[in-house]
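Look at the two complexes coming up: chain A is in both, with chain B in one and chain C in the other.
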Partner chain A sequence: MAIDQNDLQRRHAEYLTRKKKENLKYTLLSVLGILLFLGIWQLASITGLADPKRLPAPTTIFQTLIYKVGNTAPDGNTLFVNMLASLQVALSGFGVAILIGVPLGLFMGWWEYADRFMRPIFELVRPVPPIAWIPLVVVWMGIGLQAKAMIIFFTAFVPCVINSYTGIKLTSRTLINVSKTFGASNFEIFYKVGIPSALPMVFAGIRVALGNSWSTLVAAEMLAASAGLGYMIQIGRTVARPDIVIAGMVTIGATGAVLSGLLSAVEGRFLKWQTRH
Partner chain B sequence: MSESINQAPVKVAVRNLTKKFGDLLVLDNMTFDIHRNEFVCVVGPTGCGKTTFLNCLTRIHEPTEGDLYIDGVPADPRKHNISFVFQEPSAMPWLNVQDNIAYGLRIKRLPQAEIDRRVNQILDLMGLQDSRRKYPGELSVSAAQRVIIGRSFAMQPDLLLMDEPYGQMDVKMRFYLEDEVIRLWRELKSTVVFITHNIEEAVYLAQRVIILSNKPANIKETLTIDLPHPRSVSDPRFIEYRNYITDKIKWW
Partner chain C sequence: MTDKAKRQRIRKILYWGLPVLAILTVVLAWVLFSASHPELMPGPVAVWNRLLRTFTKPIGRINLLGHAWASLKRVLSALVFAWAFGISFGILIGWNRTARAIFGSIFEVIRPIPPIAWIPLIIMWFGIGETAKVLIVFIGTFVPLVINTSTGIRAVDEINIHVGQVFGGSRFQILTQIVIPTALPHIFAGIRTSVSSGWTTVLAAEMLGATAGLGSMVTKGWNGGDMALVLVAVITIAVVGFILSTLLSKLEKVVCPWNN
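What follows is the complex of A and B.
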């Protein structure tokens, strides 16, 4: 049976148009959801249902955000400086957690000796909530960037280790045996089979770690800071400016979403084989 | 039926191969030879120790007694070229088709030019050139299995072991792949040990069939299939061979 190429192309084009329309529909639905949420909020504020002194309207928050881009009051920094300070804290703690946590998890998962040696210590440290480290960290490191990054490190470290450990433990026995019969050494199998097969889990761990570090930020910046989104929120509370507090929250949320998007892009590059089905 | 006298030199010599797990005797004193460029099928009932047998040949397990010699030297995956097609899907999901085929060659540290040459040869032989940049996840199960078989043949192995590689396929795909494996074997002159519990498959493929007994496994009989390739399943002699083996294994 001959296939009519023109017909095939036409139908493919039709399919693409239909798909596009569907995508547009779903995007509109998502936007509508946000707008509805903001609308109800705004309405509650205008009608006096919610006291604007306690819950400012979205438009007020938007104005505050715009204002903060160019002005330093009341916390002494522009929004951009605060964001940069927070990113510096969160990303340095997060980065060190990946650099130490992922290899540690991979080694523990692959080599029995490393597992037996390190696991007890790890299991003791793991259940301690990161916030509980704050007093100790202050004693050790004061209240500078290092101290704050250390707190973030504790929250990000655990999921990095656990996921890398579990990921590499789940490496298919068959794939290991394939490499063995080809004559690969244990270390070669580790980096040629173990690591790539653990990567999806490692990335899932990094994603949890990123979420943790960003959400522990406010707690870390409570340590006393002179800049940062958490600091801005603290000042907002002190001077009774809920709009500043919410503007800080919104910025944290938005930046978190952007970071998560960036991580997805990196993940997509590394895990091409998984996403391209 | 008689054993054939193969003129080719002995490639693989298995001598008194015995494997025990604790007190459990799985392989009982197996001795046989496989000649260069021979295609041997091993048939045995499920659970008779086929996988243990293969794992001893590949040195995933060490035999309890006896040994396996390739060209007169005890087999060693580091020194010899042993290739194994596992029953389960074993393509590396993170490597595309060409990198999967090159996987073993890179472990053996072959020069890049030689790797390219062999990969292209396999892709041509199997008609996989169009899919060379695809990932196993984008292929059908049978196509992914073909990649694995291609990867094994690319090694130009001293010994190619296949453990029921077509167990998951339907009948039509099976015949297609069986013809393909014969083509690769002839073209690349490999020495193949093919494990199956499908008697028809064994008679269709093998020059020689080794019939294993129930656990503990030893060799019940070795049978030469004196039919030219390609074989027809409806040929009376084919049916005769098939029935003969079936009769033999009724006593399992």
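What follows is the complex of A and C.
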């Protein structure tokens, strides 16, 4: 039986339209889900089912957000100043952690002696949850930018090291042997074979590090700060303003989502070759 | 030959000497730093004495183990709920596309908010009692479980599902007998993350207001300028965290032995 080329094309086109319709349906359902969620919330507030002193309506929170853009009450900073303060702390700690953690992990994974020396130190530090460092670091360095960046550094450092270490350990033996056969030095293999093959894992580690940084930042700012989004929601609680708290949470969530989107974009650029096979 | 033997001996010395050297360096650095700045960092001896004192003069009439148990109890009760709800919700949004579109989108909107950022709101709603703390830990553990479970369910190879269909399996049979077992390593990764994230979150929750628990010990030491107490608490936190993750690795080998 011969295959009718036209029939095949027609079926393929049909399949594509069906798929398109389906995707549209699910996108609409997603939007519907979120609208439903906000709608129920709003209704609960209007009807008084939810106490507006505890759970203000979405519209109120939106107004508070707009208000915070231009006003400093009640925590003393506008929304953008808080956001910049948080970003500055989180990104500096995160950046230093990448600069030190990734190379360290790669070295530990490649050179056995580095591994034997660094591993015990690392294993000692690793089980300490980053939040537990806060009091120590604050006593050592105060509550300035450096202290908070140091706390963020601790959280972001661990996943950077672990993933780089594991990633480079998983370099294919075959590739290493091929390079050796072609006369590459150990450093050359490390640089040209090991690092590229570890990159996907390294990025996975950086992604975890980013999430950790952002969430630890909030903790650090809630415990010791004079500006920042975490500070803002903590003040919101003490002055009993749930709208400020929720507006702060929304900003924290949205900023975190944007950061992780940016990281995905960078990752896509670096790992372009990976999608080819 | 002798040259080779010599090299091997040096290798062996380095192999075992380096870790010892590393630990010694850390201890030495600690001792030196504490000797010059005792108010910033108490030395090992001071910490050990403080540790003993948590038993002879318990804080809030609860000794160290009691505080550790208070924290653990909160994590464990939150984990029971998080495992039940998180895994089922993950399976639901991983398996059913309509459910994923409707509830998954809501989840995606809430997910980027770090669990710690919920603390002020939860305290406003429920005070600083036990319910509030368990709820905060629940939020921290629920999210990684849902993400891992739904990713695991979606990562199941289409071919395996088709085979199930060819053999006349119902959708429910395919889910319970093919998809969930295949997703088990992912689910277990979620469980692992949930435990470590729960342990971190409970500390934050306790540091922001509690009368028992390791987190409250940290705050108490911090406010009272008793750095030795802070270190005792931090070390206990690390030890318990380490024990938890070791137990989980053992458990993983029993539950899904095929996962290397």
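We adopt the following convention: the second predicted complex is superposed on the first by the 247 of 277 C-alpha atoms of A that agree within 3 Å, B and C clash if a C-alpha of one lies under 4 Å from a C-alpha of the other, contacts with A are read in each partner's own complex, and residues count from 1 in each chain.
We take it that a contact is a pair of C-beta atoms (placed from the backbone, for glycine too) under 8 Å apart; a residue touches a chain by one contact, two chains touch by 3 or more.
Bear in mind the structure is a predicted one, so any value in this text is a computation, not a measurement.
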item	value
Touched partner set for A:Phe80, first chain B, second chain C, both or neither	neither
Touching partner for A:Val193 - first (chain B), second (chain C), both, neither	first
First (chain B), second (chain C), both or neither touched by A:Gly253	second
Partner with the higher number of touched chain A residues, chain C or chain B	C
Contacts of A:Ser179 with chain B and chain C, given as first, second, both or neither	first
A:Val245 touches, of chain B and chain C: first, second, both or neither?	second
Partner chain(s) touched by A:Tyr15 [first = chain B, second = chain C, both, neither]	neither
Touching partner for A:Leu124 - first (chain B), second (chain C), both, neither	second
Touching partner for A:Lys272 - first (chain B), second (chain C), both, neither	first
Residues of chain B that touch chain A when the two form their complex	58-60, 77-79, 82-84, 86, 88-90, 92-96, 103-104, 107-108, 135-138, 155
Complex contacts: residues of chain A adjacent to chain C	25-27, 29-34, 36-37, 54-55, 112-113, 116-121, 124, 127-136, 138-140, 211, 214-216, 218-219, 222-223, 230, 233-234, 236-237, 240, 242, 245-246, 248-250, 252-254, 256-257, 260
Contact set on chain C toward chain A in their complex	14-15, 18-19, 21-23, 25-26, 40-41, 97-98, 100-106, 109-121, 123-125, 199-200, 203-204, 207-208, 218-219, 221-222, 227, 230-231, 233-234, 237-239, 241-242, 245
Residues of chain A touching chain B in the complex	172, 174-175, 177-184, 188, 192-193, 196-197, 199, 271-274, 276-277
